[in-house]
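Chains: A, B, C and D, in written order; residue numbering restarts at 1 for each.
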Amino acid sequence: MAEKKVNVAIVGASGYSGEELVRLLLEHPHVNLSVLTSRQYAGQTMTSVFPRFAGYNHAADLKFSSPSIDVLSEKADVVFLALPHGIAAEFAVPLANKGVTVIDLSADFRINDAAIYKEFYGNEHPEPQWLTKAVYGLPEIHRAAIANATLIASPGCYPTSILLPTIPLIKKGLIDTNHIIANSMSGVSGAGRNASLPFLYVECNESLRPYGVPKHRHLSEIEQEMGIANGAPVTIEFTPHLVPVSRGILTTLYLKPPVDHSNDFTHWIKSVTECLEDFYNDETFVRITGNKRLPDTKNVTNTNTIEIGWASDARTQRLRIFSAEDNLVKGASGQAIQSFNIKFGFEESIGLKI
Amino acid sequence: MAEKKVNVAIVGASGYSGEELVRLLLEHPHVNLSVLTSRQYAGQTMTSVFPRFAGYNHAADLKFSSPSIDVLSEKADVVFLALPHGIAAEFAVPLANKGVTVIDLSADFRINDAAIYKEFYGNEHPEPQWLTKAVYGLPEIHRAAIANATLIASPGCYPTSILLPTIPLIKKGLIDTNHIIANSMSGVSGAGRNASLPFLYVECNESLRPYGVPKHRHLSEIEQEMGIANGAPVTIEFTPHLVPVSRGILTTLYLKPPVDHSNDFTHWIKSVTECLEDFYNDETFVRITGNKRLPDTKNVTNTNTIEIGWASDARTQRLRIFSAEDNLVKGASGQAIQSFNIKFGFEESIGLKI
Amino acid sequence: MAEKKVNVAIVGASGYSGEELVRLLLEHPHVNLSVLTSRQYAGQTMTSVFPRFAGYNHAADLKFSSPSIDVLSEKADVVFLALPHGIAAEFAVPLANKGVTVIDLSADFRINDAAIYKEFYGNEHPEPQWLTKAVYGLPEIHRAAIANATLIASPGCYPTSILLPTIPLIKKGLIDTNHIIANSMSGVSGAGRNASLPFLYVECNESLRPYGVPKHRHLSEIEQEMGIANGAPVTIEFTPHLVPVSRGILTTLYLKPPVDHSNDFTHWIKSVTECLEDFYNDETFVRITGNKRLPDTKNVTNTNTIEIGWASDARTQRLRIFSAEDNLVKGASGQAIQSFNIKFGFEESIGLKI
Amino acid sequence: MAEKKVNVAIVGASGYSGEELVRLLLEHPHVNLSVLTSRQYAGQTMTSVFPRFAGYNHAADLKFSSPSIDVLSEKADVVFLALPHGIAAEFAVPLANKGVTVIDLSADFRINDAAIYKEFYGNEHPEPQWLTKAVYGLPEIHRAAIANATLIASPGCYPTSILLPTIPLIKKGLIDTNHIIANSMSGVSGAGRNASLPFLYVECNESLRPYGVPKHRHLSEIEQEMGIANGAPVTIEFTPHLVPVSRGILTTLYLKPPVDHSNDFTHWIKSVTECLEDFYNDETFVRITGNKRLPDTKNVTNTNTIEIGWASDARTQRLRIFSAEDNLVKGASGQAIQSFNIKFGFEESIGLKI
């Protein structure tokens, strides 16, 4: 298999997620980057836009082009879409219909239910029949489905940081699903590589601000996946905040025991601990720090690892779980490559830093 | 009164809170800075340590000295203590016993109950008889008592950001006091001006990290003041996080209605809105942004203002309240000066930026 | 004079220089802010765009309007122009022709010579007859002319940091004018409050970059003013760099003695020291740190002070002079207000922090 | 050779350079990390101090120990010393005497001349006989000597950024060696992982400051290597500045033509261009951006690449050359590994990012 190379295209390769895909895939031993598209930089060499990649093999040969379904389907076995939501669907469906594997980093196919999509994104979904065919690309939860998917909807950065710590507990009935609070802080790259006043250096430096409450779009996929794990709908509180780092998401989850665990706090904490440790014991990219050390984004930036740790509070009989990830890697491009590895039968960690 | 000058000493004037006191008091029209102490810099001129103050009137005359009770009581009408907890008490009590007004920025006299003090700070309180005589210096809540106090225990930075949004609601029974969650992010100046590895530039830059859970020392004063407002003990969840800004605290509070308000969400939100707007209507340093705009620390740094805004969530029937303050001003030195103005009969905003 | 109020308009009040003018003039005791214009925010209240000013007296009454010569000339005694170069002239000349004092923060009238203007700015100057009537608003150098000017061309941020340390030495023939090198670093606010990719948080954070070489536009005014001081043309090397701070310029000047001072290095350094100390002895906003301490932008941000210090190098027989200023205050809006105070007969430091 | 593994020890592995060596060597395919020492953390596991390395193969087995010559010489074929200057010599000489290859990242053996060492470092060199035996580990300049060295003195971060752009030009007589000015900005990691007040987050954030003038210790090795290239002593001006980034050095060099090139500026620039392009044509880690694009540290952080670009100035008939590197990689640990690869016959780029 060492010789096998997959032809890979990246559509929207000049945004932050696209750039991160380029960075990671240039070093992936089984990838041949065949097409990079960028409307903004079409015609320019990739290294003129991203000089830091100049030293990579073959980087000098790469040029941005305008995206074309025909060219993509001809030259690529798999297409990563790093496009704004709404636009991704225009590429995903025709490509998937031609049998090309599509790994979509946008939100376009993350929601199973067209009504929920409309509620959160404001418009009718253009291709609702694909909503159920697409697989939500959270490898630790949907690995088997990813291996067989044609269209993989790679999760959002916030959802990844919230779902991985909670889904195992929800599945086992270990937390009260009427009381899930997710408080997240994100670095500015989460806002994308778009010239926009609120994300200028001077506007973000020395600024701490909440936004997108009470109904950030990521809530829709978070609650969907929690609902699947729960076997019944889940509604949560989620608050994103913008803080002055380039990369990283730190999520703090406030949780309490379900009724049938509320009499023995120590036992509950033990069950939670065992559940998470067992669930993630064999996972390459989940580092359980438990109650030994609290997560810190500094430990995970530029890697595909998510740290998960917790602190029980005997005073309130409640639990806080913390997760730290790189929003552009485990929260976006790294995770998409993890799904790619699964789908194409490569070792899951190939091309990714742990 | 324009002519009246109060002789003011600052003990521990070379830390961040001390420096901020110097900055503000140098421009206070009714203050004569008579003594600045700093063990570390004793004998040095103030402007050699803080060159940015060189342009202020009389700044050139100021020198750091070693602290002495006799000198302080002789030369100062009021002494601000910007010392580590435990050390402040050594100065506060002898000075207060001599009738000198003491405004203590440490935690030494914030707790009324010696047992609680010991639980959170680990040692017997050295002067328990003063715990009940000291006044908790949160002007918007304890203004009258501050006006008559000899020993003012100025609140901590986190408590200020948490208590101001919640106390009016607790007093009116408008929130469920069994369900108060305070999630806070603080700038690095909160850790003090001490050479310590975790607060080096390289350790903090691009790092987001929780700490001090589940039982940060500030919990003791938060719960005490909430308990007083409630007429019964209150236990909350509080999570501080360190983020890479120099100044600023952003607190996100997760709240729900008490049982008797839980049937009419709209009415509850209306009551909460009116309660906070009424309570702070005449307060100079509280800016209610309501549900119009979310607070941002950028709007309050270098001022004594706290912004308070909120977002109701009809989906969960709950409420989030946000507050933003400068941890060194409203969260420390500015608030201490606000108490000083109250105690000495000056207009409350004199020498402070709104 | 305590009662005298001047009606002041700010055109382009929503950029960073404009915002800084608002901040400073709201507290100026002799200013009545009568008109604030902003094409982008016309019709909105000032405090909705800049919430941090909500606490100032009268701030709530201020609204942004679209700029109109008629309204400006009717309602304002003085108009500050915080506009991009090229646009400022459209307002400056009609207003000045009507006798309104104009303080222009753009580059439009800084250059005396229309040919030089065209060389550096690329177009014919629209109002060349005003180039010689306008006064270059560097108070420490042109104070008397400022007092009598109708049109004051307030200097650029880089030029201020370079000219103040060198002009006294050039005037006295104390440096070799064939060998002046100015190496400057600037905070990102210098790029203005414009949505532009290179100034996004993520693009600037952890980036150090030169730009604008070899012929940055500011060179034209730097060399003009040096030439006037020298009595003969001066050509220098100037390199601006962008670094991740919000505010501040640090300039490092590499200088050597003229031929007639090159035999006695010690004596030369003594002459340089005396020259700068004498020249700035009575200046409120120039803090000479000499060879005692090197300047640091941290000591001057948010003030109108420029720090100037130096280090002589016996090994190379040369001299480095360093200056530190806040690019938005002494480098822009503060200095413009300093000129305003001069022109209107107020104490020069009124409304400015030292 | 794919199978060959070298036993490697890192002494002082818990500082920033040491941590960077750990990071890079954990992934080096021909390295077996056999000993990590740290007085501060002796007895602790490596991953408890640096959690981000937990995912690497074998990382879990590594523990910090106290350094011992016997253990080091027994267990390691090569020892990297990431120690403060003065202390490194205590390990370097006994190890080298036993035939262990020593790659010393400190300044202890960079200087050939004991008198110069004393002038700049203040004490007699403890092992002067080794000063001439040690090889200055700048691979692009001293590759052959490195291949045969027992003691490699790896260059300082500033010297690397200054010497690589200038040595080829000096060797060819293409610049006036009486007029070399190096203006550098460095990230805070250059100050080391030591708890020290000036390097706290709050002290560095929003601060731009020069330091170490006129005679920073790195001058000694810069001038030594320039002198060797020149065949005669060279004295330069060098100014380091501290700026708020974690990593990166940006150096701006001010240069002029020697007398015999001063009549034809265009030809001189052509010669300089050809000289640098030819010299570095085959070098993996030197990216010549020429006059097409100016270097930016953002393009090189976390890589062993140095970018070198320039701007000629027809007005002044002079030249500016810019270089950008990661101070911890090409400026320290990466370069040390480059020398290791040379010495042990591996491909020079193995284990390093370009």
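The rule is simple: contacts are C-beta pairs under 8 Å (C-beta built on N, C-alpha and C of every residue); 3 or more make two chains touch, one makes a residue touch a chain.
Treat the numbers as computed from the prediction; the structure is a model and nothing was measured.
Peer 1: Keeping to the contact definition above, tell me which chains border both subunit A and subunit B.
Peer 2: In this structure, the chains that contact subunit B and also subunit A are C, D.
Peer 1: How many steps does it take, at the fewest, to get from subunit A to subunit D if each step moves to a chain that touches the one before?
Peer 2: The fewest steps needed to get from subunit A to subunit D is 1.
Peer 1: Provide the C-alpha centroid distance between subunit B and subunit C, rounded to the nearest whole angstrom.
Peer 2: Centre separation, subunit B to subunit C: 38 Å.
Peer 1: Could you give the separation in Å between the centres of subunit B and subunit D, each centre being the mean of its C-alpha atoms?
Peer 2: Their C-alpha centroids are separated by 46 Å.
Peer 1: Can you give the whole-Å distance between the Cα centres of subunit C and subunit D?
Peer 2: Here subunit C and subunit D have centroids separated by 39 Å.
Peer 1: In subunit C, what residues contact two or more other chains?
Peer 2: Counting only residues that touch two or more other chains, subunit C contributes 187, 203, 205-206, 244-246, 296, 298.
Peer 1: Taking the complex as given, what residues does subunit D use to touch subunit C?
Peer 2: Listed in rising order, the residues are 181, 183, 185, 187, 203, 205-211, 213-215, 235-237, 239, 241, 243-250, 252, 254, 294-298, 301, 311-316, 318, 320, 322, 324.
Peer 1: Within the complex, which stretch of subunit A touches subunit C?
Peer 2: Listed in rising order, the residues of subunit A that touch subunit C are 16, 187-189, 193, 195-197, 199-206, 244-246.
Peer 1: Give the list of subunit D residues in touch with subunit A in this complex.
Peer 2: Within the complex, subunit D contacts subunit A at residues 48, 51-52, 54-56, 206, 284, 287, 289, 293, 296, 298-300, 302-303, 305, 307, 353-354.
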